[in-house]
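Here come two complexes built around chain A, the first alongside chain B, the second alongside chain C.
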Partner chain A sequence: MSPEQTDVLIIGAGPAGLAAALAAASSTARIVLLDDNPLAGGQIWRDGPQAELPEQARSLRERVLGHPNVRHCPGTRVIASAGPNTLLVEDAERGWQIRYDKLILCTGARELLLPFPGWTLPGVTGAGGLQALIKAGLPVRDQALVIAGSGPLLLASAATARHNGARIVRIAEQAARGAVAGFAAQLPRWPHKLLQSFSLFDRQYRTGTHVLAALGSDRLEGVRLSQQGNIVEVACDRLACGFGLIPNSQLGQALGCALEQQALAVDGWQATSVAGVYAAGECSGFGGSELALVEGAIAGHAAVGEHPAAQALWTRRARWQGFARALNRAFALNPALKALATADTLVCRCEDVAYAELSGHVGWREAKLASRCGMGACQGRVCGAAVQHLFGWQPSAPRPPFSPARIETLLCLEDISS
Partner chain B sequence: MPELILDGRPLRVPDGTSVAAALALGGDGCARTSVSGQRRAPLCGMGICQECRVNIDGRRRLACQTLCRDGMHVETRP
Partner chain C sequence: MKPCADVIVIGAGIIGAACAQALAARGLRVLVLDAGLHGATAAGMGHLLVLDDNPAELALSKHSLQRWREIAPALPDSCAYRSNGTLWLAANAEEMAVAEHKYQVLRAQGVACELVGGPALRQREPALREGLEGGLLINQDGILYAPATARWMLQANGIEQRQARVSAIEGNQVRLDDGQWLSAEAVVLANGIQATDLCPELPIEPKKGHLLITDRYPGSVTHTLVELGYVTSAHNASGPSTACNIQPRPTGQLFIGASRQFGTTDPAVEGWMLARMLKRATEYMPGLAQLNGIRAWTGFRAASPDGLPLVGRHPRQDGLWLAVGHEGLGVTTAPATADLLVAQLFGETPPLAAEPYLPERFLGVAACA
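And then the complex of A and B:
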């Protein structure tokens, strides 16, 4: 089967990918917009039976998906690189190749999930993870929730949970009070964000507080917290715990793009170190949806050669980069979080590898070969980031298949090479 | 309102519900059994962790990125 041809291929249909598609579509370029979720919108605009999308999201989504130059491929993931400017992709029905002239990576960010005793119990999720599950219909009415970890996402997740009938018994922010207060004091510089944060603020919010263990035998029953120096136990039905966001840079890394502080390194045009490959939004550094939108638009314009239109957006980008810097400073992680896992805490949830099996090794590669940590279905997306935090080991670039694929899809690679 | 079969039992869910949400609506919320025999439930909610993988109509799929459809057979046990 010959590959599908397109001028611009965009991976990820969150704010960055949607904005990139709209910007590129103002030319005559043909665009393919691919995302592994069933619906477009990415993280912040995840749609579902229990989600409420802002008007801005609806109208952007309609304009992009209704555009005659844009082909949207939902529920589709990237499996492998299949030669120059070509990716092998798969949806629920089939696998096929897409050949592009320009590629824009808008793969977003994922949560940093750190291992602690009991974190594998059913009832424990990520913080943004719980929000995503609720939007897609997970029932939480009348359940008692503890939300823990770090960053503004804890408040956003709490707001979604409460809106759907949950009782929030504690929000545990690991950052110290002074850091969070300093950040809040800066919010008036970004007026739109000010409104967003204050409507999110909550009586159960505690700074300088982090999880020590999830308690329960077959399922979560409670949480032990270190709360401003004291140890407290709180009964709950769910614990949603995430320690901020880390860029989804693996696909770019596998294509040879250079990294800068774990994110895809980009220049003023959002171009990566690989010719013809751009990156925008949170895969090129955490900064929230406004930054993702403006970076996406710059990448979209630049990819179709409209440099003046791209450059006109630089000032707006600089403003939201300032917000991102303030955010990252305020919610820097407390070193005490490196000591949460005990010898028998599972670090790799795919292969059930405990902390003790890893701690003697000198690096990621050696630990992987000896223990199978990171060699399971998630391909180190969860444990690789965790060991980087715990031991400082740099995860290697992922190898294909980038996500578990069907044999029939992998055979599409053979077709072309033989 | 699609009706699916979850571990042999029929379950009707609102339109647009993910299979991950259906696991909690119709069962104990768990998706799979780990290599050391622990039951596991969806963790990341966004297609990263693979804890939510279930068998849907004979294929291994991520429950958090699959919408419920009428007549779908979902199995959480090997």
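And then the complex of A and C:
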């Protein structure tokens, strides 16, 4: 079967991908916008029965998805590189190849989940994970929630939960009071962000506080916290715990794009080190949705050769990069978080690998072979980042299939040798 | 130079580990040096099988399978040893004739096996396609997880392990990357495909292979399923080739192989080769097409010109012993290789004739033996 042809292929339909599509669509370019979620919006604008999207998101999505030059492929994953400028992709029905002139990676970020005793108990999720579950319809009404970890996502997650009737009994931010206060003091420089996150400051919010253990035998009953130096226990029905975001750089890495501090390295046009491949949003460095929007627009314009339009956005980007820097500085992770896991704490949930089985090894590959860590269905998506944080082991570039794929789909790779 | 051990073994894969374990069992102090490159032991399928392409291969694999059965009760769970049998698949009458011939040869050697007709084949393995001619079941073949097994072997008393890259060998002395020289009574070279870096005279070629593992589908396959075309198509071809090889793991996952390519040392997973290999497997088991593959990788078999390993004294370097060139059968033949090597080192009569595997068949007879 001959590949689908497109001028611009965009991977990821979050803020960066939507903005890139809209910018590129101002030319006559044909655009394919591919996303592994059933609905466009990415993580921050995740839609669902209990989601309330901001007006900006709704309108951007409508303009992009309604555009005649844009073909949206929801529920679709990239499986492999299938030759020059060609990717093999798969949705629920079929696998096929897409050939592109320009590729824009807007693959976003995922939560850093660090292992601690009890983190695999039912009732424990990521902070963003809980938000996504609630938007998808998970009932939380009258449940007692503890939200822990680091960064503004804790507050956003708390807001969603509260809006859906949950009782937030504690928000535990690991960063120290001084760092968070310093960050808050700078917020008037980015007034929109101020509204989004720190207006949510509330009396359950504690800085200098991190989780020590999730308590309970068959399911979660409470949380033990180190709260400004004291150990406290809080009863709860759910614990949502996320330690910030890490860029989804794997696809770019597999295509040969250079990395810079775990993110895809880009230049002023959002171009990666590989010709014709751009990256925007969280996969090129964490910075929030405003930065993702402007980076996406720059990448979209640049990909279709509209450099003046792209350059006109540089000032706006610089402003939100300032915000990103302040954010990353304020919420830097406390080294004590590396010591949460005990010998029998599971690090890899797919293959049931405990901390003690990993701690003696010299590197990721050796540890993987010895313990099967990262060899399960998630292929190290969760434990890889944790292990990198805990032991400093750099995961290797992914090999095809980049995601679990039907063997039938992989058969489509047969005729690419020519 | 003061000897640092009785024997230095280069390579901590399954061959080096088996040799080290056997030497330590004789009371020797063994130093195992490994560069951490991860060779065929980490990449392979861990299939334990009797092969009978020639009498020497049959003798080696049969003896080794017997040794694995003796070792098995001591193996920890992590080694995932199972005696699940190999079912050789015949697609047509010609291949069934090969199966019948194999059956005669193996029975004559006392290897437990049975011929299976077409209908009975699908009773034993319902996921196979209809219309296969039949098969040959080798009952006592098995599988194991080779990286864990090698690590277990290296835990024996008397073995010291060190991560170090050897940059040169001179007889019973080795030079490490940092310039340091180490010596011992004997040096055993067991580093698979890397052997030619240290001994360029060895006739060993890398043969690249791809593998894929699926998600967990417990109970879908019982035996390791290998097409009989394997004997003709994969083993003897010089160009890229594939053959159906499906192995159920104890986790419920399926390993799917096999491919062979010469003339490349690029470890990248090549989509076209992966697809060809998977296509071959789906021709035997159509339902595979709907299963999820979760990971693919490659490895390199250290192939010798006649398909047999080189086990014994290096004819031109005193104090250097070889245990290399096992191609795709290193896991199967590791215990037999260790037996052969140890017997020769101690000047004893080995449990099977050593001649077919002696390095001098390629390197010439020793000048000063």
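Keep this in mind: the second predicted complex is superposed on the first by the 413 of 418 C-alpha atoms of A that agree within 3 Å, B and C clash if a C-alpha of one lies under 4 Å from a C-alpha of the other, contacts with A are read in each partner's own complex, and residues count from 1 in each chain.
Definition applied: contacts are C-beta pairs under 8 Å (C-beta built on N, C-alpha and C of every residue); 3 or more make two chains touch, one makes a residue touch a chain.
The structure presented is a predicted model; accordingly, all values stated were derived computationally and were not measured.
Undergrad: Applying the document's definition of touching, compare chain B and chain C: which contacts more of chain A?
TA: In the superposed model, B touches more residues of chain A.
Undergrad: Scan A:Gln43 for contacts with chain B and chain C and give back first, second, both or neither.
TA: A:Gln43 contacts chain B only, not chain C.
Undergrad: Classify the contacts of A:Ala275 with the two partner chains as first (chain B alone), second (chain C alone), both, or neither.
TA: Neither partner.
Undergrad: Touch test for A:Ala405: chain B only (first), chain C only (second), both, or neither?
TA: Second partner only.
Undergrad: Would you sort A:Arg349 into first (chain B), second (chain C), both or neither based on which partner it touches?
TA: first
Undergrad: Would you check which partner chain A:Gly126 touches, where first means chain B only, second means chain C only, and both and neither mean what they say?
TA: Only chain B; A:Gly126 stays clear of chain C.
Undergrad: Quick one: is A:Ala377 in contact with chain B, with chain C, with both, or with neither? Answer first, second, both or neither.
TA: A:Ala377 sits against chain B and chain C alike.
Undergrad: Does the superposition put A:Ala80 against chain B (first), chain C (second), both, or neither?
TA: Second partner only, chain C.
Undergrad: Pick out the shared contact residues on chain A: the ones touching chain B in one complex and chain C in the other.
TA: Residues 376-377, 404, 406 of chain A touch both chain B and chain C.
Undergrad: Applying the document's contact rule, which stretches of chain B touch chain A when the two form their complex?
TA: Listed in rising order, the residues of chain B that touch chain A are 13-18, 20-22, 24-25, 28-30, 34-36, 38-51, 53, 59-61, 64-67.
Undergrad: Once bound in the complex, which stretches of chain A touch chain C?
TA: The contact residues of chain A facing chain C are 80-83, 88, 362-363, 365-366, 369-370, 375-377, 379, 399-401, 404-408, 410-417.
Undergrad: In the complex formed with chain B, which residues of chain A make contact?
TA: Touch list, chain A to chain B: 36-38, 43, 47-49, 75, 77, 92, 110-111, 113, 120, 122-126, 128-133, 136-139, 218-219, 349-352, 376-378, 381-382, 404, 406.
Undergrad: Could you list, by residue number, the parts of chain C that touch chain A in their complex?
TA: By the definition above, chain C touches chain A via 36, 38, 42, 147-148, 151, 163, 212, 214-216, 256, 268-269, 271-272, 274-276, 278-279, 281-282, 288-297.
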